[in-house]
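Going in written order, the chains are labelled A, B, C, D and E, and every chain counts its residues from 1.
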Amino acid sequence: MDLFGVISQLVFLLVAVLTLAAGLATVLLRNVFHAALALVGTFFGVAAIYLMLEAEFLAIVQILVYVGAIAVLILFAVMLTRGMMQTEDSNINSQWAWAATAIGVLFVGLFILILQVPWKISGQPVVGDTTPALGTALLTTYLLPFEVVSVLLLATLIGAFIIARE
Amino acid sequence: MVQNFTLLIPLFPLLAFAIIALLTRSRNRLSAWIAILGVILALALSLGVFLEALAEGAELAVNPFYGAPIVWYPYGTATVNFGWLVDPMGSAMLFMVPTVCLMIFIYSVAYMRHSHTGKDGHTIHEDDPRYARFFALISLFTGSMLLLVISSNLLQFFIAWEIMGFCSYALIGFWSFRGLKEHHIDDAQVGRARAASIKAFLTTRVGDVLLMTGMILLFITVGTLDFTQMFSPDGLNNMLLGEPPIGALQWPTLIALLIFGGTVAKSAQFPLHIWLPDAMEGPTPVSALIHAATMVSAGIFLVIRMYPLFVFDSQTGGFSMQTVALIGGFTAIFAAVLGLAQNDIKRVLAFSTVSQLGYMLAALGIGAFVAGSFHLITHAFFKALLFLAAGAVIHAVGTNDMLKMGGLWRKMPITFLTFLIGALALMGIFPFAGFWSKDEILLEALRLGFFSESGAAPLVQFVFISLATAAFITALYTGRQLFLTFFGKPRDQHFYDHAHESPVTIWVPLAILALFTTVIGFWNTPFAPAFTGYVGEAGLVGLPVPFEHHAFDQLALISIFVSLGIAFGGLFVAYFIYGFRPVGAGQPDPLERLGIIYRALASKFWLDELYGYKINLDGTARAGLLVRFVGLLSRFSYWFDRTIVDGLVNLVGWFGRIMARLWGWFDKHVIDAIVNGSGSVTGEIAGWWRTMQTGNVQNYALIAVAGAMAFAILFLLRSFT
Amino acid sequence: MDIWTLITDPFVTIYNLLRSGIIGLLASLGVPPDWIALIVFLIMGIIVVTAILIVAPVMMMYMTWLERKLVARMQDRVGPNRVGPFGLLQPIADMIKFLTKEDIVPEGVDKPVHLLAPIVVVIPVILSFSVIQFGVGMGAVDLNLGLLFLLAMGSMATIGVFMAGFGSHNKFAMIGGMRAAAQIISYEIPQILSVVVVVLLAGSISLNGIIEKQSGLFGLGWYFFYLPVGPIAFFIFLLAATAEINRVPFDLPEAESELVAGYHTEYSGMKFGLFYLAEFLNTFIISAIAASLFFGGWQGPFVQQIPALGIAYFFGKTIILIGIQLWFRGSLPRIRVDQLMNFGWKRLVPATLALILFTAAFLWAYRVLNQFLTGLGG
Amino acid sequence: MINDIPLNYFLSLAAALFCIGLFGSLARKNAIAVLMGIELMLNAVNINLVAFWRYGSPDPILNQAGIVFALFVITLAAAEAAIGLALVIAIYRSRDTVNVEEINLLKW
Amino acid sequence: MLERYALIGLFAFAAITFPILPLVLAFLFRPKKPTRLKQSTYECGIEIQNEAPEAQSIWVQFRVQYYIYAILFVVFDIEVVFVYPWAVATNQMSLFWLLEMAVFILILVGALAYAWRKNLLEWV
């Protein structure tokens, strides 16, 4: 393995550790506001992972949508339900040990599965600006889902309004 | 290449339905025009297809217009497709259905406007409060009828069939509730409409279940529901592969009978005919459209569509066609007899419809395919005409009861004339449509029953005698209706004064239908059998054997005179009873002198009381004996449960008490302890188990994850061994 | 490499000289090629980053000076004039003051959040500088999705504002923070959408690509002059961007009369300085974006012959746009919060959506017409 | 990059992130935190989608399936978050709690 | 492509250190003399009612209107994500290209119109 391979792996490991740490913080921090901030950190980590997978459009969309929009949504929700936030004695419910055990076993299973399957690798390097290709794909192959997205968004909006309205 | 647009034909009325239902339902006139526009567009396209089909000629039968481009859903290696199939008979239906529908639509524009006398004595005209809904529903109906006609597979056919069933239900019960401002209906009518719609729906449901069962069995045995694939020789032979289901009954026979069950209910054949007379509670255009011209004939059309199956069955020794002929022949005479004693002008026509449908089925059952099909077409025209004319009378007079009419021809000459044409056609009098088609059926029955080369066939002979008698009775009751309604002196001056000639939008459709009634018969005269050549010359899809056709011979001439004689005989008897000495005001019907027979006829042989649902004039309804017997049975079961079973339990309890007294202390402390112990153990276990239902989503999710974990463990174990 | 190139394009030339020098040096030392690439990347990267990180605060400091001077002139005052000639050293004095102020952390605050908020606010602004094209070939990075990157950075500001509002343990800060967040998200949509117009016209999301497309005759190729969509898109962008960074007249979250100082009520000393820094750098960034998108960035007369002019053009345009925003500040009153929200959602969003469709239809019609005319000719 | 980091790395990262998110959604009391756990899981899924696109597709430029699917997942995640949080807020207003353990009207 | 983002990564590192540096500098220079009064929460000169720091003294119940705007924002933000690839897919430029986005946008305008009609956009 050459120098850049080593550096790539180091960077990957760094990003992965930071992402997982932020993810763990999201799950474990008692204060929901802090957890939400840790979630933002996780989103950044995932964006970096996308970059390593040479999906730059997706990386920026990750920041734009997840950090810029969904995180804000969550923060607003935290603020709106803040009255209860500090009165909790524990942030973890009674079944956490069971859940942790089950998930642990699940993870081990997944991990072994990932290692055992002989994945078929056939990727070519991604060069140049792929956004026009993405637009083309959206307008041709994925036309119907593309239009359905707008309907989904409409439904979301109306549904959320009706649920949240005073 | 109009044929490629066949699938669009039903779309226009359906679109009209959607537009009216969603957008314009508050605008009465606009809705009506949208509905009419939808039918006109469908008619134009249908005529295009029809003309193209005519140009193809008889060849169309073996190479029909067919396309199934819309993939609905795939199963296994095949798919169920939506498409169209137009063979000669289908094209004739495509001509008949939208034409009749258009006439009825135009007629309804004025018919659904009611007049009543206001507080100040003036006559007020106003639209029915559900005017737009009416047009929406009949548009939906028309669309589904057209969809049924062009269906390329049985499932599509069945869907359209069910939508029609719903429309029928909704339209029979159109007046089943009453707004504050509705003057044209009373509470009795509301009650009748409500009961009648439920009766119609439930009765036809019996047939639909049979049809669906047949369809499922067909799919299982043949593997497809597409007509063209189903009737290929392989497709039909597939049915013989499996083990026969019940004893000697073969698969084709069973399936054909089940499918015919759908027809029996939909086309109101004995014994499921009971719903049709009561269905007359709906508005008259509905009776004309659904219960005379189209929906009930859809049942016949089903037999026509599945005819290759019936033929195949009789070739392999089944008896489904004989059943069809038997039921058709019996219904023809049975319903005709019942029609004699009805006083409601529409009910007479309803029984007449049942009877005529019986004719068609009898013809199909004895193998006279072309004659039966032709009667289907002609009957639609003249029966729609009769209904509409009767509706015009009802609309003008304000009652359904013929005994309260009389002498109306002076007041409504145009209506009278058109009704007369329709009545003559129904009786089978030269040169109107019914004459040609009915004569054809009688001729075929005569020829096959008495002069067949393969020897006499008793069943066909029965059919002939039954149909000939029915023809006589048809002429009789039609004549009775004619004389009671239009001739003689007015029997109720109030209603007579109220009567007036119909507005132009009502009589123009009548006149057009009368014109059709006059000329349509010439499509298939014995001398120039164009329809026979078109429909019958090349057989059917999957049955490329020409139907037997005889040139005009002596027998045909005899048959013409016989049928004319029968018709005139019936008319003469009617004149003798009702025309010669008209029934006066307040006089009973001369037929009442028949006593018990008349009462049997008037109450429809008490079949409603036996197994149906008896709807009284005052809007109350009462279940039939059979139904009540089931009710009684359940009540008896309840009683049995309460008294015998509970009694036994009580007895055991009493016995136990005695025992307890006898054994005293021991009992109390041992037996009771065991009982209590088991109870509390059960309670404990239940109490423990029910905590599983914490109501906490996360618990449930955890259990799901535990399932995933179990799989993970399984996977790990497998991968390490 | 001649002296003319050095004069006309000094920065790029010096950069290339340095780069080739380092490569030569390392190669002569016998360093393996991939190590050379790594070291060169690191050194050159650090140089570029340092240069920009020096330019940025200096820009900010003199923007504060410009603001005080300009607004003072508009209000018929003199402005800072004691420290240095024309008060030019005033910003440095301010900076020293920031550094030596006591940092008051009120009790009850969420300490980590309170500390991190100003940092989080500053980070995206600094990152934005990485894709700005200051001159011909003078951007740190030219991303394929540069414009989208800038917008993504802009959208991160909400998080910092939230943190400041939440961390301060103060009603005013909380309300200010929530209001600021609501305002930012409301105006982000029209801002992003108005940029789509430019993307449609240029067919590219890369900043350099967009700027290069505007190389018309003496500025007539600027998208601002693409009538009628250009000016409309520009004004919508300017309004929305001004609102998004909470500048006058959209500075409701820090409305002194009702909310004291908004989400930075409880900040003092250098932390407050960082908020201040972020606000001014944001002003600079949106002016730079507007200049790049609508006024051709570094495009201008003779820029092909003398690339160094590009820097002057770019900063000139940017400073004029900053001046416009300061002019807003000097002359416009603050608008009400309901007016603000109504204006954003009921006017700007529908307007931008219509503008996008109109632009697309326009482009399509133009293409069809073009093909038709070409067909006539051929 | 594709030669330097094996696909397994990305898949393992995604699996770990998924499990963390799963734990969050199973074990947190606060309903909003539960939703955050779900967002983590969706992110992990997206990583998988993009990784398979990158490594498995013979022509990742022409065949944008991975990106497109990830975009749709993001869209769905946003819709899910919007509706879910709206529900949480509605519940908070009516029951004055966001504790999932107390939101158990379907108990027993 | 990735080397550009490597530089961005370098920039991110610098951007994180950039605001920390003056804070550290200020930490070295600034005086630190906290008093009780100085550290109290700013309330425009009014005494804080509840002295306990963890108490709900600063608690404000926000209206759900904020959340409504956030939902609108999320929806339109996602729309933007789809608009950008469309905008650069100029090789697809045709009437179809135009109409697809018109349909997409019009459905979302329907959403906006719904909110407008239901008076959800009013800041009351």
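One rule holds for everything that comes next: a residue touches a chain if its C-beta (ideal position, glycine included) is under 8 Å from a C-beta of that chain, and two chains touch if they have at least 3 such contacts.
The shown structure was predicted, so the numbers you read here are calculated from the model rather than taken from an experiment.
J.: What is the graph distance from chain B to chain C, where chains are linked when they touch?
T.: Tracing touching chains, the least step count from chain B to chain C comes to 2.
J.: What chains, if any, are shared contacts of chain A and chain C?
T.: Expected: E.
J.: What's the farthest chain from chain B if centres are computed as the mean of the Cα atoms?
T.: It is C whose centre lies farthest from that of chain B.
J.: Does A-E or A-B have the larger number of C-beta pairs in contact?
T.: A-E
J.: Relative to the centroid of every protein C-alpha atom displayed, which chain's own C-alpha centroid is closest?
T.: D
J.: Where the centres are mean C-alpha positions, what is the separation of chain B from chain E, in Å?
T.: Distance between chain centres, rounded to whole Å: 65 Å.
J.: Report the inter-centroid distance (CA atoms only) between chain D and chain E in whole Å.
T.: 21
J.: Centroid of chain C to centroid of chain E, CA atoms only: how many Å?
T.: 17
J.: I'd like to verify one number: the distance from the centre of chain A to the centre of chain D, where each centre is the average of its C-alpha atoms, in whole angstrom.
T.: 6
J.: Two or more other chains in contact with one residue: find those residues in chain E.
T.: 1-2, 5, 54, 62, 64, 66-67, 70-75, 77-78, 80-82, 84, 87-88, 90, 97, 105, 108, 115
J.: Would you give the residues of chain B that are in contact with at least 2 other chains, written as numbers and ranges?
T.: Expected reply: 698, 702, 705.
J.: Where in chain C do residues touch at least two different other chains?
T.: Residues 143-144, 148, 155, 174, 178, 181, 185, 188, 204-205 of chain C each touch two or more of the other chains.
J.: Could you list each pair of chains that touch one another?
T.: Those chain pairs satisfying the definition are A-B, A-C, A-D, A-E, B-D, C-E, D-E.
J.: Given the complex with chain A, which residues does chain B contribute to the contact?
T.: Interface residues on chain B, with respect to chain A: 698-699, 702, 705-706, 708-709, 711-713, 715-716, 719.
J.: Considering only the defined contacts, which chain E positions touch chain A in the complex?
T.: Checking each residue of chain E against chain A gives 1-2, 5, 9, 54, 56, 59, 61-64, 66-68, 70-75, 77-82, 84-92, 96-97, 100, 103-105, 107-108, 110-111, 114-115, 118, 120.
J.: Show which residues of chain B lie in contact with chain D when the two form their complex.
T.: Chain B reaches chain D through residues 690-691, 693-698, 701-702, 705.
J.: Over in the complex, which chain A residues touch chain C? Could you list them?
T.: It is residues 2-4, 7, 31, 33-34, 37, 40, 56-57, 60, 63-64, 67-69, 71-72, 75-76, 79, 128-131 of chain A that touch chain C.
J.: Can you list the residues on chain D that touch chain B in the complex?
T.: Residue positions touching the partner: 22, 25-27, 34, 100-101, 103-108.
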